[in-house]
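These notes open a run of structures that come right after.
In what comes next, chain A is part of two complexes: it sits with chain B in the first one and with chain C in the second one.
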Partner chain A sequence: MKTILKIALGIIAAIGGFLDIGDLVFTTQAGALFRYDLLWAVVLGVLGIGVYAEMSGRVAAVSGRPVFDVIRMRMGFGIGLVALVASTAINLLTVAAELGGIAIVLELLLDAPYSMFVVTAAIALVLIVALLPFGGIERIFGYGGLLLFVVVATVFHQNPDWGDVAHGFVPSLDSSALYLYFVVGVFAATLMPYEVHFYSSGAIEEGWTEQNLKENRLNAILGYGIGGILAVALVIVSGYLFHPIGVEPSDLGTVALPMQGAFGETGLLLALGGILFCVGGAAIDSSFAASYNLAQFLGWEWGRYQGPRKAPRFTASWLVFLAIGVAVAQSGINPVEITEYSVVFSVVALPLTYLPVLLIAGDRSFMSDFANGRIATFLGWLYFAVIVVLALAAVPLLLITNGGGG
Partner chain B sequence: MSGTSRKRVRSQALGLLAAALLLTSPGCGDLSNDELNRGVESLSALAAQGQLVANGVARDATKTTYARAMARTLGEEAEHEAEKLADATLEESETEDQRHAAVAVAGEISDLLSELQTFPGDERHGELVEKHLEEAQEKADAIVAQLSGDAP
Partner chain C sequence: MRSKGEIYVVHRLLDEQICDSDGRRVGRVDDIELRGSPPRITALLVGEGLYPRRLPRWAARLARRISGPETWGSNALRIPWEEVDELSSTVKLRKKAEDLGLGMGDDPRRWIVGRLPWN
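Presenting the complex of A and B:
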């Protein structure tokens, strides 16, 4: 009974912690610009993150090796270093965007200067990490993120044409560059590399072994799968409200407008609260992912469970990454713009993260009976092919569309 | 490769890089018809977003801090768009009238949002701002129609 409860709580936390600022921005913009036409891209991304999170969690549980350890082991020092530099740069942009996101929500709730809240947010995160155990951090932000189920309630309140919504789940052939840019953006926002870096390192932080493989599978498939419902709901509410009147969401605050329209101030507060927990959790995940990667690559002692005394370089690097995130967020660049760049550039680095995971998870000499079966192998390679195509298309599409500006 | 060829390749690469930077830098060069069109479309989108915020105020269905901060952000964006449109040199001089009209609409949207920022808890103001933003959006849409040749 205790185990079932623990698994259920983990799944709930994964659902609530599914969205980050990249998902919030790209799904809302996708709905506003293309109504329900990109729902299929959300589903494609959610299945992809489920497949790869399951693999990376399984590798971590069976071998005790997190993703970046695997990258260096499988790809060697040179390619590993390229992956480290690329993923660190993207993680730093993500940390900055998430910190900026927290500051925007606090500004909307308390109406004080944005710059003050960036620093406040960083200090709050340091205190939370210092005072709470690893599982507690994950769960607080995961459960808080569940407030965003107000988006699902808004869908039913709006009662859209369900035939049109269903049609959106069928991939459509629109060859415009802007449409393709948003396919890349929506897909990439769901598969941000920091998510698997954090997921696999978190598995080791929590001491997962082969005994936890069922929990891993349920977290990755059910947690991310049901979490994906939130992303789908965001596209629908945005497509329903923003598309017909020509709103182009350029601010994080705009994401909450459909919920205000449906449920007034209560809907607005639930949405802003949910966004706050989601971006707060993602700020911790992405900053930890940056430190995990560096420590694992350089062979340092790492892990929140070790504490600052046993893992001083890991802890110091986390604080430095957070400080860099604060500096970037304070630079005056709109966090939504930082998000767009971090998401699109992350696509380019995706193959470097996902190929080693796929190779190791399928390696019977390394994983023995826990290596990928036929379905995981098929899905893994299928997604890897999609990732490579999108990685090649991402930067040209970013330039052609002027960063999604048309 | 000889030293001279290396220098030539390097200077060609620098030239290409400079050209690429010039082409991709925002604010450089003349404002094309398409860019003017996109600028006015952005104004229409800002007015639409502003209407939703004002509607929350009019219905007493929002939080004043949210309405104020959103109005401030959207107002700043409208102002920025107005400055961009006013400062740019047009590629096609026959769209000068549309550019002037767009700058005026941007100013109008910015003023209305500024009013909402001042009175985020006043339902009557919310209602008026919503109505006027709707009119501003119609004006922006009319300019877009003229620029794309769809106007009657």
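Presenting the complex of A and C:
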């Protein structure tokens, strides 16, 4: 029992906040617009991030190479640089969106103006990173994010027509562009590449070796599975409450309303608390990912475990990225809008960072006996095909639907 | 004629992470110097001054403006092949980074953040 608990806690910590602002926004909107019809796209995304994370965690543990190390090795300097620039731009948008998300939640909880809280949030994150070791940072946001299980409780409280819910898991393609845009959005929000870049670098931070491969597989299946359950629950509660009355949620506060409907003030507070930890964890993950990527690509010393003395450029770049995130979040653009752009463009850039990991994970000269087996190879290439199709469709759909505005 | 094995080594070395004798990450193999016939690897070339030559010509001009013209000893270094100790998942060097002029970018004295309290 004790070991099971220990494993469970490890998984929860490894995956951090489970959901980020992109998940919250896209699942709630998907539920409001299409009720349960997009549940299958959540599952598609969860399986995708599981496959991608398992491969990059395995590559990191066996060959000691995090994602951008692999990219530079496999794609070379030129194409690698394109992947780096694109990923950094998207990561900075994500950092801004998550910081904005923290500020919105604090605004709702404390009833003071939004603009105060962006800087406060960034300072709080710097303090957390300064005071805690890597594992401690992961645990705070991982355990705190569990508050969001109030969403699952809300599903059972609402007791929706389970037949309708089950029907949503069957893939269906509506011809409307808005529906297709949300297929891309829900999938992309679930499979944000920074999560995997952070995860694989985290494996190096924690000194993983081949001994940790079982842990890696459990993280990929159960850890991202928990995130998947929460995302599914968010679609259901939103579909149940907002779809019949035609509400289109356009801010983060709306995400928490179904939980207030079910459990009153307690439900609201649990939901907002869970959102705060998830979005806070995602702000750390995405800003760290930006610095990991840059340092790995250029061969700098990196890692929280090295500290700012041994890895000053890594630390300095992190502070700069956080500051840029603050500036964008303060610019007055709605964080929900920033989120949509960061999510949609992330899927456009995804093939560039996914392919090298897939190639190295299957390469016996790097991975010896731990290279992709038949199932991993099949799933890996299947998902590469899915990602390429969605990457090609993303921008046209964004333009046709006017950013999901219809 | 180069043998297949030699081409493979060059392919595997290029862009690889370099670590010094203490295991510090001190840069990447940005280019490789080959001399003689049949060609032999004589040195690893490291530094941001080498980035422009890794890019297509139209992008190289912009890159040169950012990284400065290639200046040997400052933004481009030549690490003789004899300094390489071991090839594993990184290129491990025989000496400390300082002795080879590498890793100066991560010198804590050059960075205020090096004095931050969370070390």
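What we mean here is this: the second predicted complex is superposed on the first by the 397 of 406 C-alpha atoms of A that agree within 3 Å, B and C clash if a C-alpha of one lies under 4 Å from a C-alpha of the other, contacts with A are read in each partner's own complex, and residues count from 1 in each chain.
Operating definition for what follows: a residue touches a chain if its C-beta (ideal position, glycine included) is under 8 Å from a C-beta of that chain, and two chains touch if they have at least 3 such contacts.
Treat the numbers as computed from the prediction; the structure is a model and nothing was measured.
If you put the two complexes together on chain A, you find that chain B and chain C both fit without a clash. With both structures placed on the common chain, the touch criterion links A:P308 to chain C but leaves chain B unconnected.
In the superposed model, A:L272 lies in contact with chain B only, and not with chain C.
In the overlay built on the shared chain, the residue A:K214 is in contact with neither chain B nor chain C. In the superposition on chain A, contact of A:R364 is made with neither chain B nor chain C.
Shared-chain residue A:Q260: touches chain B; no touch with chain C.
Once the two complexes are laid over each other on the shared chain, residue contacts for A:I245 go to chain B alone; chain C is not touched.
Of all C-alpha pairs spanning chain B and chain C in the superposed arrangement, the closest lie 17 Å apart.
No residue of chain A lies in contact with both chain B in one complex and chain C in the other.
On chain A, the positions that touch chain B within their shared complex are 107-111, 241-242, 245-251, 253-254, 256-257, 260-261, 264-265, 268-269, 272, 399, 405-406.
Those residues of chain C that touch chain A in the complex are listed here as 14-18, 24-28, 30, 46, 48, 51, 54-56, 59, 89-90, 103, 105-108, 110-111, 113-119. Taken together, the chain B residues at the contact with chain A in this complex read 24, 38, 41-42, 44-45, 48-49, 51-53, 55-56, 59, 61-66, 68-70, 73-74, 77, 137.
Note for the complex: chain A touches chain C at residues 63-65, 69, 72-73, 76-78, 80-81, 129-131, 298-302, 307-313, 315-316, 319.
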